[in-house]
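Going in written order, the chains are labelled A, B and C, and every chain counts its residues from 1.
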Amino acid sequence: MRGYQKFAVVMVCIFAVFYTGCAKQERKQEGPSEVIKPETVYESEMIASMAAGKDKDIYIGLYNETRDIVHLMEDGKSETLGSVFPDDKTGNHRITSLYLDGDKTLYIAADIGYGSEVYAEVYRLDVTSKKMSKVKTYEQYHDINRIAMLKGELVMLAKSAKAAEKEPVLRDAFDIFQYQGEVIISQDGDVVFDEFPIMFAVMGEKEMLLYAHADNKGYCYAKAEYDGKKIELGEPDYQNLGQLTAMTMTGNDTFVYAATSFDKSGLQEFNYKEYTIAELQDSWGVITEPGDLINADGVIYYRVEGGVKKFVYEQVKKQNQTLQVIESEQISFLNAPYGCGYQMKIDRLSDDEMSLKMLSQDSDYDICFMQSDDPFGYQVKEKGSFYPLTDIKEVTEYLDACFPYIREAATDGNGEIWMLPVAVSADYLLYDEEMLRKYGIDKEKLSTLGSFIDTLKALPEETRECIDATSGCMERTYLPGFAEKDGFNNQEFKKAAALLKGIQEDGVFAYHQRAGDAVNMHKQDDFICGITMAQENTNEAFLSNPYVKAAMLPAVTDKDTFRVKCSFICVNAASDNLDAALEYVKSLCSYLMERESTMMLKDKEGYLDTELVKTLYDLYEKGTVTFGMPEELYYDAWEEYKKGSIDLDKMIEEAERRLKIYREEG
Amino acid sequence: MLCMLPSILGTLIFFVVPYFRMVYYSLLDNQFRRNFVGLRNYIRVVKNQYFLLASKNSILLILLGVPVLVIAAIILSLFIRFYLEESRWKWIRYAFILPMFLPTAAVSLIWRELFSGASTALPVYTLYWWKNMGISIILLVSAFSSVNPEILQSAKIDGAGNIKRHIFITLPMNMPIIIFVTLLGIVNSFRIFKESYLFYGNHYPPDYSYTLQYYINNNFYKLNYQVLSSSAIITSLYVALLVFAFLKWQKRFQY
Amino acid sequence: MGLGMENKVSVLRGIALAAVIIMAGVFVVPVIMTCYRSAGHYTELLLDCFVLYPMFWNGIFYAVIISVLQMLVIIPCAFGMVSCSFRGKKVLFFVYVMLMMMPFQVTMLPNYIGLREMGLLNTRAGIILPMVFSPFGLVVMYQYMKNINTSIIEAARLETKSLLTVLWHGVIPQIKSCITAVFLFIFAESYNMLEQPLLFLKEEAQKNLTVFISEADKYSGEILFPAAVIYMLPVIFLFIFMAEDLEKGVHFGDF
């Protein structure tokens, strides 16, 4: 090679090596933030609807005896505009919706009658003169729960008994659409849109943003124009935001809504240009039945249980602050933590991708959300792939307010705080004392696995439906415990294995719909006992029953402890957005401390005063957080043993072999 | 000359630099804390019983699998090239290469059914032979076709028997490609991981099938890059040794 | 005596032929099983899984581009290595062979970091470029090139200074079947890429068919087989196309 050619090659090679070998990193600075708490504007248990005016005064319709409409003025004073329906002697009028047009005219929709004879009427109330006049009676419609003024006319979302006969076609398992006959009608009572509308928000003089459900294609939203006779839809965009119950525009491309959804609730804001969702208020108490949501000039009013709250939009919505969250595909029991006003972009990653992202110290994710029974969480702690939260005051305050074992789980070997626990869950034995007494079951007999199984088997057949302890659930509850602690090669496991295998075909330990529903869905009387991890605050019937209590799982060894699963977040030390992530952590801590009764906080004051909660508190107080082992270490062998292809000793040998490899290969 | 530049550059950027990066990481204690610890990781790895088990299994696969593959391929190729050339069974060689095109996932499912009761590493070995036979045969047949037929004819006239002819003429003349096929076999023995993993269905196969890739893969999920990289470098070093030894040995057959 | 010998030989030959045919049959059995199990599920695959089509074309796109680009890169490089001698040539070659041996699990992480820094993550170029510079093709091409007739090169050099002409007229005609063979290998290797698209690409539409097959149980268990059959077709076609060129045979150079 000629001299200069050699030189050129060498130079280019050196340059290439340096270019590819050097890392680049940038950091963005974000401003401080705190959790803004919404203000309560009005308290009442009987709110039917509300409307807001430009001068920030609110009208609230009540369904008390006198059907009052309360006018709250900006300065805090309130006046009652008298009962709306002075001629209504039977008390049959029920306010369903309010709408303020301009400053002075309040439109009120009410339902009259019951059952199949219900119909709707709309009245107009002049606020200054307090005079009421009827606009129209709508014989074929009822339950008008949204009124708007478009092109000078009233346009309403009502229900029609005739339309309710149509059956919509759902798109997939996440499609929870339920159609009750909603249609959009004009002031004259003509149907202007009947293709499964769900809710709309007014965008201008004649434009609205309509959220509907298209047959087979699912939830969608589209801009729509009202031309006086029909609603013309623009191009629909299909996004499953859930079953919306209220929505209001907050900008050209954004709207705030409340919805019953598969995975999120509370107040969210959707930006349909960027396809991002920001949580503005968490689900705590937000009404997700058709409730009202109003954006009155930058102040958002929304209904909660027992009143109306408001917050200033600009203060809560963190402009342009997005946090990238990664979560494992194995997350099963909880959703990502509340966003505290940040937009949380969540990515579900497979194991390979997670490892790759962490090992390569990717800077494009900020927070990692995991669960303690995911073995990956343990690796994160051991290998140090996190930003230590030890120096953050709010974090230490929050952890001090938690049970000591939770704080311990959050501290690693070097005393650094490596994660922020956001929720806990555990399997426990739930029972109804009265029912136990009725069937003559001694509670003591439920305290060890062997006698638990024998006792249940001995019950009369008609009680089977009231027991919620499936064999599959029990396996998944007990087996990990052995893997995490002493392994399988011991007497206790042999006993437990024989017991668990023995209940496979037994009808007592099959799935029973009634008991399952009782635990998950507020039904009361069909329940004796069961093994569950239902959170106590989901079942109101159980909460109000002084006999329903929680206890530790039937024990298999005499060293059994209450095993708690914890979901937590870790901050990525290499993140671009580290400051925002840390501010978020601070906000999340203050939010969690306000939440109360999360089963993590020590302070008894915050918890509900019922037997169930008290017993749960006692259990959680003495729990331990355990980090999981991969299921594949023992599950295959267990399946083979259950089928009968291998005997117990072989199963133990195989599981122990794999455990040994897992522990020692790295 | 400059014509070599793009290739060298590309290989440098995409292969050499990552390799040295890996060496660098193997000298640290932890991916996230980055303290330099020198050879401590290597010592830890070499002492680990599972690394030794994995190495043993991988080397066994090379020492047992590769020769069988190469010898069988040679025999088959000789047969195909010299006895089937004119017959109508010429196309049979293509039947052997079909396995190379079948995707891993489908193969593993079928293999599971065929070998459901196996208690040795036989399924993995047969998988390996099955997949790689085709390429070896194609290469060898193509090389054997370039042997000058006159030499073989003259040997026949001299009275040499068929088998002797081939052993002393065809094979030595094609030694380089035989070496290449062996090397290819070694390289592909490392690539058998995905099939084996799908066959056993989990990350902890029976001890006789636990090869280096399992060791490396499992440590990857444990975020244990130090162990991963040290074991990879140790592996590359003794494969290099193997290849070097092999090349030196075959110099005896140069002609 | 002569007649008896011939009979014996032809009987032996017959047995050997039968053995080879049976072996070939055994090799093809899994392929046939796949085709068999795929029957009846084609409608499910072709009509319901829209994501199949872009993935299929992606697979072919990647394979073609990588093969073509790699050819363009390695032919000059091999030629350069053959024509010039410089110190360290053997070492350079040895390095190439070593790099060829590295399993993907090991280089995955540094590759990922490198691609991320060059901004090539989640782009098609990030998948194509590393494979273009894979050392495998170069090793094979270099071996083939070693045995070309240098006198033709010299003659060409006297005529023109342009490297391109020398290559086009002098070198390439001689190694036509090598190019075919190497092209086929690289095509098959790139078509079979699994980990790179899976981990380095985010959008489903950019991934290739191998990824689809490995994730086939997301959709339904049985569409794995028709997908596998469709997967095999392009490579088989290409192979049939180029089979004749392979038969010409070229002598492999020494190591």
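Everything that follows uses one rule, which is that a contact is a pair of C-beta atoms (placed from the backbone, for glycine too) under 8 Å apart; a residue touches a chain by one contact, two chains touch by 3 or more.
Everything numeric in this text was worked out from a predicted model, so none of it was measured.
If each chain is reduced to the average of its C-alpha atoms, the one that sits nearest the average of all protein C-alpha atoms is A. Just count the C-beta contacts per chain pair and the biggest one is B-C. Rounded to whole angstrom units, the spacing between the C-alpha centres of chain A and chain B is 52.
Chain B and chain C have CA centres that are 15 Å apart.
Under the contact definition stated at the top, the residues of chain B that touch 2 or more other chains are 1, 4, 8, 13, 17, 21, 220, 225. Residues of chain A in contact with at least two other chains: 1, 20, 352, 359.
Annotation for chain C: residues 84, 108-109, 113-114 touch two or more other chains. Chain contact summary for the complex, chain C toward chain A: residues 84, 86, 108-109, 112-114, 116-118, 198-199.
On chain B, the positions that touch chain C within their shared complex are 1, 3-4, 6-8, 10-11, 13-19, 21-22, 25, 76, 79-80, 83-84, 89, 92, 94-107, 109-111, 130, 133-135, 138-139, 141-146, 174-177, 179-180, 183, 186-187, 190-191, 193-194, 213, 216-217, 220, 225, 228-229, 232, 235-236, 239-240, 243-244, 247, 250, 254.
On the side of chain B, the complex with chain A involves touching residues 1-2, 4-5, 8-9, 12-13, 17, 21, 30-33, 48-51, 201-204, 207, 210, 215, 218-225, 227. If you check the complex, the residues on chain A that touch chain C are 1, 20, 22-24, 352-353, 356, 359-360, 362. Within the complex formed with chain B, the residues of chain A that make contact are 1, 5, 8-9, 12-13, 16-17, 20-21, 351-352, 355, 358-359, 361, 376, 379-380, 382-385, 573, 630, 632-633, 636, 657-658, 661-662, 664-666.
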